[in-house]
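Each of the next two complexes has chain A plus one other chain: chain B in the first, chain C in the second.
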Partner chain A sequence: MKPSAYRYARPSSVAEAVRLLADSDGGGKVMAGGQSLGPMLNLRLAQPELVVDITGIGELASVREDKDGIVYGACVTHAAVEDNRVPDAANGFLARVAAGIAYRAVRNRGTMGGSLAHADPSADWMTTLTAVDAEMLIAGATGERRVALAEFMTAPFSVALDEAEFIVGIRIRRHSPAARFGYFKFCRKRGEFAEAMAAIVVDPAAGVSRAVIGATDSRPIVLPDISAYLPLSPERLEAAKAMVEGLGIAGEPIKDAMHANAFARALQQVKP
Partner chain B sequence: MSELSLTVNGEKVTVAVEPRTSLADLVRENLNLTGTHLGCEQGVCGACTILVDGVPVRSCIGNATACDGASVRTIEDFDADPLMTELRAAFNAHHALQCGFCTPGMLVMARDIVLRLGEADEQRIRIELAGNLCRCTGYSGIVKAIRWVIVARQGARGELEQRPALPLGPAGSGHAKTGTDVSGATKATASSLRPDAELAARKPAPAPLGASGKKASAVRQSFLLDAPLPVVWQRFGEVPAMVRCIPGASLVSEAADGTYDIKMRIKMGPIGAEFAGTASQRRDDAMMAGVIHGAGRDTKSATLAEGELNYRLTAEGEGTRVDIEVSYLLSGALAQFARAGIVTHFIGAITAQFAANLGRSLSPEGAVGPIEDAGELRVAGSLGVALKAWLSELFRNPFRRG
Partner chain C sequence: MAAGEQKAGKGIGVRLPRKEDERFMRGRGSYVGDIKMPGLTDVAFLRSPLAHGRIVSVTAPDELAGRFFTAADIAASVKPIRAVSGLPGFKPSSQPALADGKVRFTGELVAMCLGRTRAEAEDAVAQVVAEIEPLPPLADFAVAEQPDAICVHEEWSDNIYLETRIEKGDRSRIDGAAIEVEREIRLSRQCMVPLEGKGTIAWWDTRLDQLVVYTSTQLPHMMRTGLAECLGLEERQVHVVAPDVGGGFGFKCVLQPEELCVAWLALTRKKPFRWIEDRREHLVAAANTREHHYRIKAFADAEGRLLGIEADVAVDVGAYSVWPFSACLESAQIASILPGPYQMPFYACRTRSVATNKPPFMPYRGVARTGVCFALELMIDAIARQAGLEPADVRLKNLVLPEQMPFTNITGKLFDSGDYPESVRRAVETIDLASFRARQREGSDDGRLLGIGFATYCEQAAHGTTVYAAWGIPMVPGFEQATARVTPDGGLELRIGVHSHGQGMETSMAQVANQVLGIDTDRINVVHGDTALTPYSTGTWGSRSMVMAGGAVSRACEIIRERALAIGAHLLQTGKDEVELVGGRIQGQGGSVGFADIAQAWYKSPETLPADVAPEGLEVTAGYKPMVDSGTFSYATHAAVVAVDPDFGSVEILDYVVVEDGGTLVNPLIVDGQIIGGVAQGIGTALYEESPYSADGQPLASTFVDYIIPGPCEVPDIRIVHMETPSPFTAHGIKGVGEGGAIAPPAAIANAVNDALRPLGAEVAMTPVTPHRLLAAIAAGRNGRQPVQS
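This part shows the complex of A and B:
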């Protein structure tokens, strides 16, 4: 199996990458670790004219901290997060999520930015980083802009980037020590794409009590305030399940029940 | 071609490869290191797992040019490796292989598990091995062999090798020279490679949907059109006008036998496909119902698509109620890649946009006004206002999306 032929460039700066993309007339595709793009290239589902490898841009494989948040470079790998080679803005939650992405051999090359740009509805970061209200740092011809991740994905495999734009970083607010997290996904096999998933972030100091339902057929669904279900009781757990089932996310009973149960199990992880 | 230098199994090598070459193809084809096996070539089976800069990587989806300057170790390099020697003995003792196809990847991963984790119980080993498929053993021998080595090593602490300081970016990337140079030849255009005559020759003949025995998926939608029943009935009979309302579809030619050559372009993120095929229609005047059948092939991804649009019209007040059911079958690369729910969602979006376009084409302004999207379908971004209304009705829920 061979991908369709493409040209390849490895720019040294964000500005060079933007210029290469702008000059490619829509035929350019950014690649970081290539763990999502690679299979699509091999299957010839994606046939870019030019692949712009952004892993030569040093700053994208780094982390910087500001007053109340951490900016992860787009090329930081899942394995780096899993191994705590970078600080965790969500008290260990990010490392836990990272450890469950695909397989170690994929995590060694797969990146946060690449996963979010690929926007597979069942991908772990899209749902969990929406739950921590991550902000995308996007470089383009007119400079850098920021978009909330909740507004970033527009449809399956589609994001709000124009042809000369790409993700340079992901900013996550530093959560308070009291913040609690829940994450559960159903997969037919460990490391496979999830059938249903839910992520929950409760951070009283920031007034956050948010849940995100992922692995839908399209965008993740944000439940902005789930405080009515906490602290959890058997009655509240049932009400929570009924609420998610009532959303009719998949429109068929078995998958809707999986979404409801993924949410319930994530909720059960949120200890008072 | 781009020239790249790697350290492979301790030796410096310089090879010239096309930019599309994977690490797996480089080691197998250019260096004749065929111990690295290729199974799925989409990062699922793990047979091609090798070490890149000391950590396991899928060589089938690791771009070789991106790893210019990296250090690569394939299964051929572990003859003298003490830990691999222990693992080989354990695999032998515990019957951890039969046909041996998965074994190079299994051993590379097993070695990583022992070195990285130090201690791992059976469950942890199974979790860590989930990305390596074996079709012979049922895994129990492999898991036992790895556990056996872990237990044996605990009696001899201090033998674990020093782990390298790992970078934050993708393993293998980031060594090579950067700049604005572009390598690789400009791609020949699809039309220069495949003349239309050849495309036409490959066109599948129309057959009843599901003739292959596979179960078709279906999307149902109902909508009201602000036009009287006879007008709508006539419009449904005009295949060219109907094709114009299907986002991404275009009419190529009409044959004397009442079939039509059509093309349909779809776009979902980086995924693009262009289906070329035929459409035909059967109608029942008494029932005010009909079926439009289409079948086509995307030669780029070798995907076959077959679809049927069943419709029934009923008068409702001054207007017409339209009930449609779109059923479809996909086979080939696209079907392998896209999960059923996503495809259904996509077809639902196309159907909703078709309905909106049809309504617009029948309205007085629509007779002269533009029809939403003539070129290709992009589910994201460029959805028209009418479609957004359709979609919000279709996927309504009390919570904010996204």
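This part shows the complex of A and C:
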């Protein structure tokens, strides 16, 4: 299939992009890399009147550091994170996640902001950046607002953005050197979307011991305190699995066991 | 020749790099989609959103007049596709180019629209409104076989295209068998997913008064016949060209309704039109193969010697019988090939080809054998487990033996040559079964379960007149023909009616000619894929091209050789008996002449030729058929080592060995490529590829997000060992070998998985072995029962 006809704009500033979206009266769609939107246009699942390509806005491809965090521009590509071309607020964890996203060709063009705005429950960033409690920086007609990623996704492929808003940045707290991370996903094929996924962040200095279970049918599931399972022992591992299975995330025993096993694998990566 | 030794020259047996790779590897191939023409109009189709329904109306806004067509426009001038079989009791179907009155599968063509671009044509399709009254959908053969099921074809009394029964040997031999195993074994429906999809472009050539159809096909001559018949033209009025084709695998060996629609537009409007299949169309409307269902019992004595097989098989054939192969090619084959390369005193099989509301079933690389091999080889392993024997040893006890060749098996199949047990022994040795068993006993350190699996099969190829005449389908191959022409400067042109779309025939056919004439392959062109330029042929299917067209090229070149020797002797002023062809030159006592000298004499200085020179000259069309034309038998044993993760149901292939005997290999490098490509497809069937349907007949895998094909990380290095037993029946001992790689992997891999699952009391018996199916099998094993195959 081929896309239905649309207008294409590539603004050079956030303000211009916001104006284009506001003027499009709901017919505008932001493109930040096109790795999901492209196929959706081709399949005519998306039929926007206007595509606003934000990769021409220089600042969105850059990174800004503040006192205790890093703001990644929405158009920072997965490959830039993978290659350490941008600083890693999570001690290498982000680069490791990025390196496992889809295929290199997708990582070259796909962006952090684009992936989060698309809000596929099985995508890597939605789960892992929820685990590091990332904050979305959102530009709109009334200026910039911030929202926690955990609140940002409202449903599969649905996020809390109004028609003239788009993600301009993702702020991630700088983790302490003692922070530990676990991430496991199970895919049927290398590079495909995950069937089960879990991310864990333990940062004692910040009082964080959080896990997120992704690849569900809806929003990622946040387990705000998993300290009871650490340091890991065989009994605690079994208890952790039983706890996740008990959540009945998929409502189907085989898939629920997969979620539990993914959580267990991630937990096993968190060294004492 | 010692193993590993490289044969010199450019003849048969040389690992010559492919001539065609110069263009393919540089992205310079020329496919249907590459053709540009002024005024070219794109065609897009409205496809049925329902699996089964009665068409009430199909309408479009007035502004689409002239750009919108339905059955009402074309039904009077385009006959439906009707592929009949002469097998008794066969019920034919009529497949209209555009659905006429009823739709019978989701994705069936309902209307077509035109545009200056594909996007514009799709915009038009979006404005078409089809009102379809739903009928009960038959999404599965088991539903379609229910006595009260609605008929897919109203004029039928049930949904069975054909039922066959065969019983051979002595039934009393299975009485009181020490071992009796029964299984339900299934293969899912899947697509073929060639790299290039289907595509057709057609126009009217006013000068030649011909419809010209460039189409992505394996059988250009057959397509001419099919198009002419359906469009009411004489065949002389149709010119079909298959340019570069990016993989066929069987998908491109049938006449498609889209081809008819595009050809009808060109015929009636005298302008160029094209349709290029997109991936979604392929995944939805061409999910068309592999779907076999077996209930099978195997009987053996306590030592694992087969006493008999009894099987009841259904093939879910979908809504229509495809032309020319028909809806019963697979089921009819299943009945005759299920015994595989094994000896058994009793065999009985019942098959049904069942009509459902799914796309028409087509033959895919391996044609029936992949399913048969999966069913039979799982049973061999089940016998081995019950007998407490190594599965490889059970194979050795039952395979046909080399001293029995040529061997006629229980269904009357004539095996030409080979040492089947040796292929098992070499596979055991190459994969190192003994070391593996030691490693398996120790267990892996990551909690994964290790397993090893074997699968042995035979691949009947180049089936000839006798086989196909018995099936009564509209395509019975006879003598295959090839034209060889020495050019005026001493080069060679070969013209073959088969088509090469990945098989490397532009190289291998040249190697055959080089073997006979000694002309350098760099100076040999192979012309194929054009009905105006090549001899008639049923085309490329059934692993027949190298045997049949290769044989014809050899015969044509042998005749050229005799004529060249006569002219050469004359030029050398000596007798024909005094000269010989050596290294591409005619040598006599007084000197030698090359093909350039001979061509010079024939074409440009005929005054120098003797009075009794053969008037047919240096251009020959020769026909060929093997002395026994029931087919060559290649065979192989595949062995796989897998690691199964019981937490996620995933399977990693750690090692894969193929021990293959394809007779005389014309180009072992090309054969290796075909084996590797086939195994990759077999891995897809084994573990990934599936076109599931909802109960109401909706396809659930319509993009590559849901339809998973193996990628580079999922295909391990394939280790290939060649055996080479020439066929006694064919020119140069060549056997057909192109499909084999895709036959055994599902069986070898599932057997390996079952070997790994043995400690858990679990078994899988359905392709693809998905995580969900594997975990369901483990759960069923835990509860001491067999899982339902679904």
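Note that the second predicted complex is superposed on the first by the 272 of 272 C-alpha atoms of A that agree within 3 Å, B and C clash if a C-alpha of one lies under 4 Å from a C-alpha of the other, contacts with A are read in each partner's own complex, and residues count from 1 in each chain.
The criterion applied here is as follows: a residue touches a chain if its C-beta (ideal position, glycine included) is under 8 Å from a C-beta of that chain, and two chains touch if they have at least 3 such contacts.
Predicted, not measured: the structure shown is a model, and the values here were computed from it.
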Under the stated touch criterion, which partner chain does A:N261 make contact with: chain B (first), chain C (second), both, or neither? second
What's your read, chain B or chain C touching more residues of chain A? B
Between chain B and chain C, whom does A:G33 touch in the aligned arrangement: first, second, both, or neither? first
I'd like to know which partner A:S176 touches here: chain B for first, chain C for second, both or neither. neither
Going by the contact rule set out at the top, does A:F193 touch chain B (first), chain C (second), both, or neither? both
Would you check which partner chain A:S227 touches, where first means chain B only, second means chain C only, and both and neither mean what they say? neither
Could you say whether A:A119 touches chain B, chain C, both of them, or neither, answering first, second, both or neither? first
Where on chain A do the contacts from chain B and from chain C line up? 1-5, 39, 43-44, 189-191, 193, 255
The chain A residues in contact with chain C across the complex are 1-5, 39, 43-44, 186, 188-193, 195-196, 253-255, 257-258, 261-262, 264-265
Listed in rising order, chain C residues that touch chain A in their complex are 117-119, 122-123, 126, 278, 280, 647-650, 688, 703, 705, 708, 710-711, 713-714, 770-772, 775-776, 779
Considering the complex alone, what residue numbers of chain B touch chain A? 2, 18-20, 22, 25, 41-43, 46, 49, 52, 55-58, 60-63, 65-66, 109, 112, 116, 127-128, 130-132, 166-174, 176-188, 268-273, 300-302, 333-334, 336-337, 339, 341-342, 344-346, 349, 378-381, 395, 397-402
Residue numbers on chain A that touch chain B, as the complex places them: 1-12, 16, 19-20, 29, 31-35, 37-51, 53, 55-58, 60-63, 73, 75-77, 79-80, 83, 85-86, 102-106, 108-111, 118-119, 121-122, 130, 150-151, 153-160, 189-191, 193, 216-224, 247-250, 255
